[in-house]
Structure formats: structure tokens, C-alpha cells
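There are two complexes below, and they share chain A, which is joined by chain B in the first and by chain C in the second.
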Partner chain A sequence: MGRYILRRLLNYAILLFVAVSLTYFLAASQLNPRVLWELANPPLPAETIEASLRAKNLSDNVPLLERYWTWLTGIVTGWEWGEQPRQAGDVSEEIGRRIGVSIRLITIGILGGITLGVVLGAWTATRQYKISDRVTTFGALAIFSVPVFVLISIIQVLATTWNDVTGIRVFEYIGETGSVGSYPGAWLVDRLQHLLLPTLVLVLSQAAFFSRIQRNLMLDALGSDFVRTARAKGLRQGKAVMKHALRTSLIPTGTYFAFSVATLFLGSTFVEVLFNFHGMGEFAITTIQGQDVHGAVAVAAFGGVCVLVGATLADLMVAALDPRVRVS
Partner chain B sequence: MVTRPTVRTTPTQPSGSATTEDHPAARRTAAGEVVLSVRDLHVTFPSEAGEVKAVRGLDFDLRAGETMAIVGESGSGKSVTSLAIMGLHPSSARITGSVRLHGEELLGRTDEQLSRLRGKAMSMVFQDPLSALTPVYTIGDQIVEAIRLHRDVSAAQAWKEAVELLDLVGIPNPQSRVRSFPHEFSGGMRQRAMIAMAVANDPDVIIADEPTTALDVTIQAQVLEVLKRAQRETGAAVIMITHDLGVVAGIADRVTVMYAGRPVEQGSVDDIYYRPHMPYTIGLLGSVPRLDAGEKQPLATVEGNPPSVVSLPPGCPFAPRCPLAEDQCREVEPALVPHAPAHSAACHLADRVIRDGLGYADIFPVGEHAPGALERLPREERETVLDISGLKRHYPLMKGSVFRRRVGTVYAVDGIDLDLKEGETLGLVGESGSGKSTTLMEVLNFVPPTEGLITVLGQNPAELRGKARKALRRDLQVVFQDPMASLDPRMTVFDLIAEPLHAHRWSKADTSARVEELMATVGLDPAHVNRYPGQFSGGQRQRIGIARALALKPRLLVLDEPVSALDVSIQAGVINLLDELKAELGLSYLFVAHDLAVIRHIADRVAVMYLGRIVEQGEVDEVYDHPRHPYTQALLSAIPIPDPQTERTRERILLTGDLPSPANPPSGCRFRTRCPRKPALSEADQRRCVEESPVLLAVGTDHTSACHFNDVDRHVDFRA
Partner chain C sequence: MSVVNPEVLEPAVPGAGGGGGAPVQRRITRRRLVLRRFLRNKTAVVGAVLILALGFLAAFGPLLSAWDYDQVDRYAFLQPPDSRHPFGTTQSGQDVFALTMRGLQKSLLIGLLVAVFSTGIAAIIGSFAAYFGGWFERVALWIIDLLLVVPSFLIIAIISSANRGGSNQSFFDRAVLLLPQWILLVVLLTVFGWMLAARVVRSLTLSVKEREYVQAARFMGIPAPVVILRHILPNISSLLIIDATLNVAGAILAETSLSFFGFGIKAPDTSLGALLGTGARQATTFPWLFVPAAVIVVLLVLSVNAVGDGLRDALDPNSGSGGRA
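And now, the complex of A and B:
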């Protein structure tokens, strides 16, 4: 098992290297950091611009392969992912800070969302076509079909209304922290207040997705012969469902789960932008808008790592749930 | 065999006093006492087309230690009956009547109350062992679960019992196999595990729903033996649900024949097999190809199809298919009434059948077997249409997803020789995994095999290109196993049959004429050409498949299990049709089947395959009456014969274990690991089996067998 994973990781490393290199070529040839200097007021002399660009390894007068080599040796020798244009500091510092933000933002949201989704899906499957199933299905489809920024706006409007009507500021929706009270543990309360709404959005959208998947998987499992066998042994309906159908139907969900975790790091852009969290999703947009070659490549590299970690996680998850995979 | 720690619930209540409401099982029964009593059972499902009356009035009493078979074709209501007794029917079903276990009513009980009985007082073995066990728990977990649900024993004790149960059902190394997952077990072993689970709590009633239908014959024989042993150990009553009349003859004491949701005949197994009163039963028995039939007897053809149970017309549901039917049959449904002691039939004409002693040949049209012109010609003088020599097909066994590498070879077909003369039928038989389907695909694929040469009508198809290839395709056609899957549901029957004609550029007028002609040839109404396959029954669909194969007037037809997906009464019609077509059109058949009785009926010559090799080959009666290879002997001995007397006295050669993997075949003789002949041989002789691969040796005119010791026990009769 250990060797298997090791070999797998090696494959991934090669894959990742190729992908990131290609992204570098794409970003370095398509983004144009020079305009950032050219737009400066008062205008800068051409030599100064060229010098600044060369200092940051961004000049398009240097051959692409040479820039690529400089960039690559920087990473290999000193884990330097390059500098951002017109700002001091290495990209990796920026990303280090933002990953922390992203983790704080999405952890509860995704865990809560998936758990709720799985539970709802499994439950509604056992109650197929009853009122509870139809209501849940409708709710999930409604959340599904509403674009996430509309959902966020609706929630923000509702929160503001609540705050205004009650006069108590329960809901916060800007940034990670705000005015911290002076009582013990106030910082925690403040953070949680700020997390509440974005987490709610993440939970709702994840739960909507997972409840649909889980419901279908569970329906398949419920109709399967082994559940009937379990019932014939003397298990009651509920127990047979929990013990035999649920466990089996969780196997494919494991795969989705791992990928969701990984992709949500970069996929929660709207939530970050609209709630003013400076996480990775927001950074992805900023780098491209800001002609930030090194930033864009670093984001792509991070995304790649996320996907590959997700794939590995998915495999481990499936191996844990499914003995058929484990043994061979 | 182990002595099982039987934890019999002791009879605590004196009989007659009020028993615990939920525990009728607490009273044990002496042999012969009625355990389960079903009265006037009706099961109805709502459906979009109307009410499905799946079971319409079923009565029976089941005594301890007795086996009752419920026989019927698909849709007759036999499985629904079993689920209704267990209370496992879908919640939409409406059930009326009475099901009494030890005299206490089960219908109307809550799921909780029934749960205490299921798996304890009555248990069930399902049809498909591949899907009936939960894939994520070990076999042991699942048996232990069954034990601890009903009895308050420690986990350690339950595991110990699980091991003993696996031993009882004949799983080798039960100590370690108890920790295996279902996917690590073969089909036969899983079914044994299912039986172990069913008897874990010493039930009074075991319901087995087609328990061997999904298994190979040699494995079927093993599993039926295990089921009988389990019944002996527990003294349980068994309800055996099956469509296989051979299995019934071997295992049942009493039989209930069901048709369109109704019991149409009930009686002892001998009464039903030797003195059937109801034309349906008579037709059913007459339509089974017999393994022990010496000469070719055409099968009884029960025309038509079982009715839909959604909207039954008045009268006897069998009347439309019954050649004896009179006016009263179409008006009043006959009641099930006794015509002899303990033998009842639902037929207005039963008295006439009994008085005149009518057999199936008197009632049903039987196909005429007229040998064609070719068949009268001696074999040597006929043209060879298919010649296979030294055929090998190996598949690489690959592993890894990114860096794929070869880790072994699957020897699917490993050196076989076959020849097929014009106007002849060659049957290819063997268990699943023996390589018979691979052989067939090699003939059809027109690509060079791994080794060897295939010659079709004197040509090597692998070397043909363009027009010549297409011309050969025309002469070689195929009929597939599953008539549901092999016909495009979105094409009309006309388009389906005309497709090969279009491909070979027939004119429009010729095509229409040919399609009409073909419809008539295969016994379908030419007016139905604009219907879709979905509007036809299984047997009719297979006829469409045959019509399509015949469209281009081929000379060689390759048939891959063409009747195994069909019900018995339907199967007979298709077999008769194939027989007639062969004689009429001078066709040659390469006929692949796992049902040896069908092969005996239809084939002229037979080749028995085992693990990619042919172990015995020859003229069909010669091979069946004087089998010389131990595998053929075991195979023939494993097949149940629909004759209770024969079944009772038969001594079976039971093979041990499963087919070895074709990726890792045994050295020397491939059959040696399961060979019943080998243990009796001397040590030197046994070494020969391990080291030397046997070749096909002549044991008669047109009869070869690949065994070093063909002359050991040469007179084995599968009937004895």
C-alpha cells in the first residue's frame, strides 16, 4: 500500500511539473506586466521600466526560455516563486497568508455541507416521493439553479434586514474580523460572527449538490439484493438501511468529497469576493487582472496540488470504504 | 461434518396455552407436523397499466422436513409468493388471505414483529449470489450478524459458530475464509455462504428462490447437495422456487405448478411427473429437452405466451394456448379440485385427460423431425464448412493505471481443433470460463488468432480483404443469447431484418419480399413487421434474431446460447424451429450452450471444453451414452433429469471446488485438480497427470477423449 501511494505521488509530481511549466509559458507570453509601469503617472523612462522588469524577471525582451529557466532555478534553489509586479515581496508569502484565510473559510462549510447533504440524501431516498422528499428535492434544485452570487446577495439582504429590525448586530458580512468586544473570548465570537454567513452559503450549496448525489446512490443501494438479504436475516428496515445500504452507497461519495475539498480552495471565489475574504479564490482573479505572471502561475500550481491531493484522498477514502479495492 | 451446537429454543409453553404473540417459532415441531399454512393468498400491485394480480389464490400446507417446489415460468407469481410469506414485498403490494406459521397469522404484523421471525423461524436463499451479499462486509460479519440478531451469544461464540456453519456447507479452510469478503468467493461459494446464513438459527422454514439458476451445473449439483444437507441438519421445511423441472425432480416431495398467478396443479412429485392432469403441466414436462432421451424426439410446443396478469380475460388463463380448450374454458376459470388423493388440478377437462391417459404428444403439436438431404449423406462426403486447427487465443493480463505492464496471460483458448461439416450441428459445451464463447468470437472476428488457423468455407478470413471478406460475412451469421439486448429497441422489425439486406445492397422490392418471407419462415405474422421489438415476447424476439441471421441465406450459423434466456415452454418452440430450418435450408450450426440437454437434443456432434481445451469430442449419442473423460462424466452426472425415480436412485459424481483461473491453469492435465479419477490412480500414474498434458485419443469411431487413463472405469452411465 505504502509503495503504491509513493509511486502514485511520483507520477503526480511529474504531471504537476509539466502542467505548471505549461502554465508559466502561457502566463509569461500572454500577460503583459509592462503596461503597469507604462501607465504610471508621471511617465517613467523606458530604461527604468526595462530595468524594473528585468529585476523581477518579467521583461518580454528576455527570451521566454531564459525567463523560464531563471524562474525555475529560483524555485528549486530557494523556493522563490517570483515577485509580483509593482509590489515588493515574493508571491509565496502572499499565498501562504491567503491559504490560511481559505482554510478558515471553507473547512466548516465543506464538512458541514457534505454531512448535511449525505444525511439529507440518504434520508430522502428512504422516503422517496413522500412530502419530505419532494420538499428537499425542490430546495436542493432551487439552490442549485440560483447563481451563487445571487444566493449570497439574498442572504446578505436578509441578514441586514434582521440586524436593522432587531437592532442587534448578529450577522457580520464584511471581512474576517470587525470590532472586537472587550469580554473574554470576544475575538472568537467576532470571528464566528463573520464566518457565519459565508459558511451558511457554502453549506447550502454543498448540501444541495451532495444530497442529490447521495439520494440517487442510496436509491440504488436500497433496491439492491443485499439489503433484501439483510432484511431476510431479521434486520429491521431502518437498521438494514443504515448498516448495509448507507455504507455501500457512501463509496462513490468518497470520491466526490475529496475532489470537492480540493477544488473548493480555488472555487469559492464569489464567496471570498462578496464577503471580503482575501483567500485564494480572490487571488486567482487578482493576479490575472493585475498582469501578475508569477502570481498566476503560483495559483495554478496550488490548484494542481489541490486536485492531486484530492485524487489521492479520494483513493484512500475509497480504499477505506471498499474492501474490493483494498485487497487487490 | 461438524456437530453443530444447535441452540434449539426449548418449548417452554405447554401446548395449547397462550403462546407469546411474537414468537410462534418458540414451539418446535415434530417431523410431519404442519409448520406453514397458506390459505387463499392474493397479492396485488398497483401499476400504471392497472392492477397487477401477481398471485390469485394460493393454498398449501408445508410439513416439517418436507420440500415443496413451486414451479412456473417468469411472471407466474412464484417469487412474489415467497416475498409475501417473508413479508418482504414492496409496501405498495396489497396482500389478502392467510399465512400461518405454527398456526399463528403472519399477515398484518408489523415489520418489527416479523423481523423477529425472519432469519430465525423462516429464512431465505436468494437467486443471485453475486449481488445478495453486502460487498463491504466479510462473510463472517454477515453470518455473525444473522446469529447475534436472534440469539444472545458472545461475539467469540458467534464467530466460532460461523466457522462451523461454513464447514457445514463445505467451504474449505473455513477458519481463514470466514474473514474473506464476498468478492473473494466464487458464485458457488457465495451461495453456500448464503445457505450457511439461512440455517444459522435453525429455521423451521427455508425458502430458496431459484438458488442455483445463476450457477454452472457442476456447482449447482454441489449447492443442491448442501441445501439437502442443511435441511437434514435442521429438519426444516423447504420451499423450492424454480423453473428447472430437473432440479424439482431431484429435490421436491410435493409440487405446486403456478400459471398466471394461480396454482394449476398440486400433488406429490411422482403424481405431477408421471400422472399430470393439467395440460399446462403436461406441456411443460414435454417441452424440456431430455438428457436421457436416446433418439431424437421432437419437443412439445406450447404455442403462444403466458398472459399478462394486468388484465386477465375471463376463463382459464391457459385456454388461449391449450389445444384442448372448449367453450367453457374461455368462460369460467376452473377451480383447483382434487382428481385423485392429494393431487388436484385446475382444469375443466382433467377428467378427460385422466380417462384417456393423454400425454403431451396427444395434446400438443410436436415438431416434425425430418432429416434433410444432407444429413443422409455420410459425413466424410460432405463439405467442411468450418475447420479450426490448433486455435489459441491468449489475452495479456495487465496491471497498473499509468505505467501499464503485463503481469500474466489469460489462456482463454489454448489449442483446440474442431471441424464442422455441411448440414451438421456441432455443440460446444462447458462451464463458464471454459473458453467456448472466446472460440465463437474468434470464428466471427476475422482476425488472426494468437496461434492456429481458422478456415471458414475453405477460406482463411483473416487474410481476406474488401469484397471477399464481405462475401464471407454473408455466409457466416450469428444469433446472440439475449434477444432483449441484441435487437435495437428503436428499430422496427422490418428495419432489423432488412438491415443485413441493405448492407449487401438488395433492391427495395427484393428486400420487402425477403423480409415477409423470413417472418413466415420463423413463424411470425408478416403483418407485424412495423412493430418494435418491445412489443414482442422473449421467444418471438429470438425468432426475429434468427430471421435477421437468415436474411442473407448464410451457410453457417453461429449460435451463442440462443435459448438460455427463454422460458421452458418458449425454448422448445425455438429449438424445434432451429431443427426445422437446418433440415430445410441445409444450414450448419456451431451451437454454444451450457445446457447439455439442449445440446443432446439439437446437436449431431459435441465438443466438451474445459479451461480452454477440448477434453472430449464425438458423435453426440456416443459421447452422452459412453462418456470417457472424467469431466464429461461428472458434467453429465451433475445435470438433473426431470424424472423423480431416476433422480432418487442416481449416484452423482460430485466435482470438488471451482474452475481454476484460466490465467494460471494447472500443469499437465488441466482437469487434474478436480478429477474424481485421479485419486484412485497409483502414484506414478498421478505424476503423469501432473507432468504430461493429455492429447485427444480415439476411443471409438468419431469419439475422442483427452485422458491418459481413458480405460479406467469406462462404463459410467450418468443415469445410474
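And now, the complex of A and C:
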């Protein structure tokens, strides 16, 4: 058991190392931070540009392998992931700040969305082909098919209209906080107001995804022999559904759940960009648009860790939920 | 999803005049069975019709318009819809209808090509890995894991946003510049799109390859690639068809996401994603820039997903959601 886990973790470490190194080579050869200095007005002398690039280990006149080595030793010796081109300070500080924003943004959204999705999926499966099933299934399919940013645009337009028509600013859609009132607890209300719409988007998209999965799994479980046996031995329909069908069909959902939680850090990019939350998803875009080699690689490393944590969590979850699975 | 008999026996309705005889058995082919199950799903049928209509629109829509997508009307900048431009014009005076048609063409093309290629790669790598086993399988699985660990969106964005015009071009830069931009996007989306399906294909192949007919073919000395192409892949074709269909939708959505941030198709060419990217930021003030492309994307992806669901129900013999037989 211990050996198995150790071997697996070692494999993950190697995977991550190779993936991050490849991303570094790619980012360092494709992105071009020099442009940022060359665009400066009044123009900077070429030597100054070269000197500041070299100071940050970003100059494309230094051989790629040499830059890679400097960068790698920085991480191994001092956990320094490199500096951003136009900003002082290490990328890892920036990421530490942004992870907090992302966590505040997605926690309620993902938990609410998954719960809603699982409940809806399981419920509609028991009511297959009834009108409630058809409406919910089609609604989920529709939300699933709309690009997230279109969904956000629609919600923002609706919210603006509501604010204008009623004259009260119920919905806020820019940033994490705004003008705080002077009554007690105002800061909390303010934050919740700003969280409302992004959370709604996350809940809708997650619920659409999970209700589709859960409905299929639940239909398979409901048609299976052990549920029929449970009914045949005299168990009530409700109990057979809850204890036999639902419990079994929740096991594969656990896998998706773990992956969703882990990958949503980078997956909520659109929500963060369009609602002005300065989290990890937004950072991924800013780094590339800002020719930020070190930032992009650090984001990739973070994303890789998320996927591997998700995979491990998924396995643990299945092992915990499913008595048939025991790590051999 | 297991292997199905190619033909299913079904009791036919007893003939009016044939009272007393044994019930007549009518053979229906698998193809007709699948078609019947598919036609029963009204959402999927509507989706299929819509896809055909959109394909028709993409092919012949540009002929309906008096304007080319790259033509600039110097008398109409950012005009709302009128008789001259039925869908209005953009900031630079291009006709929105012509742009939308061009975008639809590009998005359809990207979606179809990515789906075909990534499902093809998934089928070949997944089945060969399972069939041969050993180090080949281990290497394939490791590469799959590696590609899953790298955030694909980031990598595609880095490659397609790189500035290749400079003086010191590498060989890679020149090769990329030779390709039209949408082909680069197809290649990138394919490279990062086949891994999950390959894993499923591998696990299905593992069970199919133990079947008698595969063993028989093997022991008759038929070369491995032929066994895989003739005997294994046709038997997991239902998975491949469903995967390809859903990949079309996935590729179209991925293209819109990349183009939204300017990492996909760039001007002067256009795609639905590029149109939405500029349109979404002005959706409240200039809705005509946003609405046509948004409606078409949603219709297209919704139809493809509906057809995918319908195919899953029709092709999967274990699925109860397709109704009886």
C-alpha cells in the first residue's frame, strides 16, 4: 500500500516536472518580453533594454538552456518562480494572492452547482419522459451548449435592465467589492452582492454539466438488477431509489466532482475576466497577453498540480464510496 | 457499450389473414434499428435538421449577400440593421451578415476537422496501445497523462499569440507562418483533444480483443493492423461516432473561447468566436454585432449536442433512454 502510493506520487512528480519544463521551453521561445520595452515612449536605448531583460533572466540573446537552468535553480534553491517583466517581486507572491480570490469566488458556486446538478439529475431520472424531465434535460442541454461568455453577457444585460428599471442597485458586476454602506455588516452585504452574479453563472454551468451526468448514471442504476431485487424483496420504491440506486450512481460522480473542483481554478477564466475578479483564471490570460514567460509557466505548473490533486482526490473518493474498490 | 449482434430479430405484427400460424419473425438490420431509435428522439431529429440547414447556410449564405465579408462600406460605419445591410455593419464598415456567414463556414470547418482527426487519433492510439500492450502501451498512457497535465488552453494561447514576424525566425516559426491560421488552430485543438477518448478506446479494446473472432483472426496469421482496423474498431464504432459528434461541439466552443481573447482566428479572417469576442463587449450598446453570431453558435452547438445524445441512445444497446428496441 505504502509502496504503491509512493510510486504513484513519484510518477506524478516526474509528469509534473516534464510538463512544466516543456511549458517553460515553449513559453520562453514563443513569448517575447522585449516588445514591452521596445514600445516604450520615449524609446529606451538597446543596452538598457538588454540589461533589464538579462536582470530578469528573460533575454532571448541568452541561450535557452542557460535561461532554463537559471530558472530551475531559482525554484529548487529558493522557491523563486521568476519575476514578471514589468513588475518587481516574484510571481509566486502574485499567485498566492490570486489563489485566495479564486477560492472566494468558486467555493459557493461549485458546491451549490454540483449539489443542484446531482439532485436535479437524480430526480429527473426517476421521472423519465415526464414533462419535468423533458424541460430540465433540455434546459441543461441548452446551458451546456451556450459559450460561457455568452451566458455571462445575457445575465449582465438582464441585471443592468433590472437595476435601471427598479432604480435600486441590487446586482453588482464589477470586481469583488464596491462602495460600502455605513450600516453594520455592510461590507458583507457588499461582498455578497458582488458574488451573486458570478456565483449564479458558476451554479448554472456546473449544474447543467452534473445533471446530465447524474441523470445518465441514475438511469443505468435504476434499470439494474439489484434495484429490481430490492423492490422484489419488498422494499419501498423511495427506499430502493435512495439507498440502492442513488448511492451506487453517486460513485462515478465522485470522480467528476474531484476533477471539477480542481480544474475550476483555471476553468473559471471567463467568469473572472468578465466580472473583474483578479483570480488565477484571469492571470492565465494576463500573462500571455503581457508576454510574461515566468507567469505563464507558473500558471501552467499550478494547473498541473490542480489536475493531479484532482486525480488523487477522485481515486480516494471512489475508494471511500465504493466498497468493491480496494487499492491492491 | 458492448458488442451487438449485427441483426436483431423482432416479432412482426401478425398478418391480418394469417390467424393460427406461428408468429412471423421479421429481420431488421442494425442500421434500421438504430435509425428507428434515433428518429424516435424528436430533439435529436430537430437538431439534425438544424445542422443540415446551417451547413446549407454556410455554403450558400454568402451568395445571398451583396457584400463580401472583407468589403468595407465607406458610407456605413457601425450602422444598425437597415435595408442596405440587413444585419448592420461593424465599426470598420463590414457587413455583419457576410461576416457571420464567413464565421459560420470557418467554425463548421474547424469543428468537423478537429472532430474527425482527434477521434481518429484516439481510435488508433487507444486500440494499438491495448492490442500490443507492453512498453508501447506504457509510453502511450504516459504521453496521454502528460498532455492531460499541461493546461491545453494556455499552451494553445501561447503558440498562437507568439510574434513570428521578427528578424530571427526559427524553422518552427517559418513552418507555422506557411499555414493558414485556421489550420494551425485545427492542428492545436486536435493535438490536445484526443486523450480522454483514447483512454476509453483502450479500455474497450482490452475487452474486445479477448473475443473469439479476434483471437481466431489472430491465430490465422492476419497482421495486427488489419485485425485492429477490420475487427476491433468496427466493434467499438458506436463510441467513436458519439465521440466524434461531441467533439464537433467541443471544438466549436473551444474555438470561440480562444478567439474571444484574441488567441484564435485573427483579422482579416473571422470566425464565430472572433465575432463574439468583439460583440460581447458591446452587447448592450450595439446588440447587432453580438446577436447574430451568438444565436448561430448556440443553435449549432445545441443541435450537435442533441444529435450526440440521440446517437448515444440509439447506438448504445444497454441504454434504456432510447425506449424499447
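A few points about this structure:
Note that the second predicted complex is superposed on the first by the 319 of 328 C-alpha atoms of A that agree within 3 Å, B and C clash if a C-alpha of one lies under 4 Å from a C-alpha of the other, contacts with A are read in each partner's own complex, and residues count from 1 in each chain.
To be clear about the criterion, a contact is a pair of C-beta atoms (placed from the backbone, for glycine too) under 8 Å apart; a residue touches a chain by one contact, two chains touch by 3 or more.
Quick caveat, the model's predicted, so the values are computed rather than measured.
Using the contact criterion defined above for the overlaid structures, shared-chain residue A:Ile131 touches neither chain B nor chain C, since it reaches no partner.
After overlaying the two complexes on the shared chain, residue contacts for A:Leu65 are found with neither chain B nor chain C.
In the superposition on chain A, A:Ala230 contacts chain B only, with no contact to chain C. Between chain B and chain C, the partner in contact with more residues of chain A is C.
In the superposition on chain A, A:Val76 makes contact with neither chain B nor chain C. In the superposition on chain A, A:Pro323 makes contact with chain B only, while chain C stays out of contact range. In the superposition on chain A, A:Gln289 makes contact with chain C only, while chain B stays out of contact range. Of the two partner chains placed by the overlay, only chain C lies in contact with A:Phe149; chain B stays clear of it. Partner chain C is touched in their complex by these residues of chain A: 15-16, 18-19, 22-23, 26-27, 29-32, 35, 128, 138, 141-142, 144-150, 153, 156-157, 160, 216, 219-220, 222-223, 266, 269-270, 273, 284-285, 288-289, 296, 299-300, 303-304, 307-308. Partner chain A is touched in their complex by these residues of chain C: 43, 142, 145-146, 148-151, 153-155, 157-159, 161-163, 166, 170, 249, 253, 256-257, 260-263, 273, 276, 280, 283-284, 290, 294, 297-298, 301-302, 304-306, 309, 318-321. Residue ranges of chain A in contact with chain B, taken from their complex: 11, 224-226, 228-237, 244, 247-248, 251, 321-324, 327.
The part of chain B that touches chain A in the complex is made up of residues 86, 88, 111-112, 115-120, 123-124, 126, 128, 131-138, 142, 145-146, 149-150, 181, 183-184, 194, 197, 402-403.
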